[in-house]
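First chain written, first letter: the chains are A, B and C, and each begins at residue 1.
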Amino acid sequence: MLEINDIRAGYGEIEIIHGLSLYVNEGEIVSIVGPNGSGKSTLLKSIFALVDIMGGEINYQGELLNNVSTEKMIKKGLSFVPQTENIFPSLTVHENLELGGYVSKKKLKERLDLIYDLFPPLIEKRKKRAGTLSGGQRQMVAFGRALIMEPKLILLDEPTAGLAPMYISLILNKVKDINDIGVTILMVEQNAKKALAMSDRGYVLAAGEKKYEDSGRALLENEEVAQLFLGG
Amino acid sequence: MNLTGILSYFIFFLTFAGIYAVMALALNMQRGFAGLFNIGIAGFWAVGSYTTAILTTEPSANYLGGFNLPIIIGLLGAGLISAFLALLVGIPTLRLREDYLGITTIGIAEIIRLIFTNEAWLSYGVRGISGIPKPLRDFAGKYYNIVFLIIVLTVIAVFYYLSEKGIHSPWGRVLRAIREDEEVAKAAGKNVFRYRMEALVFGAFMMGVGGALYAHFTGFVSPEAFKPMQTTFIVWIMLIIGGSGNNFGVLIGSLITWGIWTGTEFITGMLPAAYTTQAATLRVILIGVFLEIVLLNMPDGLFPEKKYNKN
Amino acid sequence: MALQLLLNGLILGSIISLGAIGLSLIYGILNFGHFAHGDLMTLGAYFAYLFTVQLALPLPIAFVIAALLTALTANLLNQILYRHLKERDSVTIMISAVGAALIIRNLIQMFWGPQLKFYDRSIQMPVVLFNGLLRIKPTQITILILSSVLVIGVHLFLSKTKLGKAMRAMSDNTALAQITGINTQQVIFWTWVMSGVLTSSAGILLAMDTHLIPIMGWNLLLPMFAAVILGGIGSPYGAMFGGLVIGISQELSTMFISASYKPGIAFAIMILMLLIKPSGIMGRKV
């Protein structure tokens, strides 16, 4: 579904990702883990053209994604959920979701029903300003906003960053739920163990390069990975 | 015009350009080196002018003082009061984004104008203060204008030297680091607020002295003598044309801008007398358009800031 | 006395609010203080003067034409100046706005002269209420009705239409708006249109209440910024509220201090706000 070949990316003249390749198959959950500053987020952002791409190719469903406008990417079924500031705080929950995409009224109703099904806590908060919600609920709004346009692949940048411990498993379970309705997931995650445990496959990054790639389970059982990157 | 006429006009021209150059050097300290947005230059200018007027004129029943103090005390007092004002302006704004300082300086310039207009006990209101003493008048005699020009040039030299010295010191390096990336400077443990405040206050000191020079040269101040936005704007153009962050460039920028500004007076002076009010507005429009063209096409000015070593 | 001042404050406050809504949205969406906003207000008032006095069209028609022309001017400023400067630091774009302000003001003075001008010189009989405690001119009633209609219109636009919601969203978080697929160029265009229409209307209402003079809008710039900061930068509803607070405080202040310091009240409230809560009442982070 998504195939990245030898990508180099960064900010301005500073290259952070040094020639990296990965792929995601339809229906998978794929996690990218690694220490702070390893370039995980930069890699994810490069797919959505949010950082400067210096070389390499990004293919999505057989089409080259480099230089495609954000609008087109969204139309093709790609969606990105940033790590922080991923909601519009002064808009209501409902307005946040509506703005997820320009779709027909009927379609919108259908999608909203689905989203409220996935995230029941949002139902009673729908008229509340999103900025007043708890961290976990905000994350649900962010997921919901990304789901409106019927995405095929969602890119999640550290969905549990800054959340209270009690919410972390909850939110990761929601990621699983999203996957269960047929959406492919590529995520960057700090809680490497939890993320790999629920992932079909995973990549371990360090210093802007790919160190390991394997199934989630195999990476968890790999002693070298455990020692170096998962804190023993 | 004969040769002496041309010469004396030239001296007159240089004196005004020089007073503006003091303002531009001051703005360069604030904006060029520290990235601060001061659009209330006219306010600091007025405070400097009035301070020296009150300190150095003969005692008068019409306004506070005068205290008949030496002119050098007037200049220093003008700088200090202006610096104190900057301190007050900086307290609520320098921890916030740059625009808050901009809005606040416009506000303070307006308040200052209101005070000098309405508080007659302090400043004799709209009638203003006249008889501001001229330095070395008796000594200089008919060469007074030259002597005054030399005084202005001396002030420029002192400020230029101090400013260059400051910007090449560790203090100046921190200042630029803050301007480039506030977060990095904060992470390095620098007290961003303090450094910004120092730049704002030093700059304001220079502006106060500049304002005092202006008062002594013209001998008269009144609230109407300042066209606040126009004055402020011209100083900004000097900075931008010369090259923000480059003291030498700013001096050249002052000369060029003052040349263009007085030049527009020649052009509009050719219009029939019936159009004099239009002519005054046309000058501002021309210089405004000029600034926009420079902003769009010459982002770094004639003399871009020198590349300093990052360490 | 207080009642009369309250009314005057309400009128001034509505005018400030109308200008401040656009100022706040521009701040939120384009991330800079638009220092030419007051002079755009003046321009709107003079456009209306051109059509209603000089070209003898009915004032309502002049009102609409002036609003559209001001909206066009606002977009021209963005196209010619601000758009090209947005990659540079915000001080550069703001000094360019100061330049635009001076150019507009002096163009106005060149074409219409520095003297006071009026839409209508006839003397109006005020309606006297509460045994003479309150005198209100018919024009003032018109101003209050018109500004209420405009504010309600803005509210409906911002809360009911997709474009309005997108505007608020972009003002909240520009980067997120982009990756959400909102057409940011379109939002920016309409933001300038709306700001132009509102600030022009504010200028016309101010001129109806008092008179026209080239400095009129510049004099309201500080109160408008104070309203924006009070309400929270980027929040249109905060700006409406802030405008009313500033307008009413300015008028009521004359009970305690000399009227000549009225402009100082907006400034004092702004400084107080910067010291206590710089993010404003309805604001986000600074």
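Throughout what follows, a contact is a pair of C-beta atoms (placed from the backbone, for glycine too) under 8 Å apart; a residue touches a chain by one contact, two chains touch by 3 or more.
None of the values given here were measured: they were computed from a predicted structure.
Ignoring chain C while keeping the rest fixed, chain connectivity by touch breaks into the groups A | B.
At the far end from chain A, in terms of centres built from Cα atoms, lies B. Averaging C-alpha coordinates per chain places the centre of chain B 31 Å away from that of chain C. One finds 53 Å separating the Cα centroids of chain A and chain B.
Centre-to-centre separation between chain A and chain C, using Cα means, comes to 42 Å.
Those residues of chain C lying in contact with chain A across their complex are 162, 165-166, 168-169, 171-173, 175-183, 235, 282, 284. Residues of chain B touching chain C in their complex: 31, 35, 37, 39, 91-93, 95-100, 102-104, 106-108, 110-111, 114, 117-118, 229-230, 233, 236, 240, 277-278, 281-282, 284-285, 288-289, 291-292, 295-296, 299.
The part of chain A that touches chain C in the complex is made up of residues 48, 50, 70-71, 74, 80, 82, 85-91, 95, 98-102, 131, 145, 149. Partner chain B is touched in their complex by these residues of chain C: 32-33, 35, 80-81, 84-85, 88-92, 94-96, 98-103, 106-107, 109-110, 113-114, 218, 221-222, 225, 229, 258, 260-261, 263-264, 266-267, 270-271, 274-275, 278, 286.
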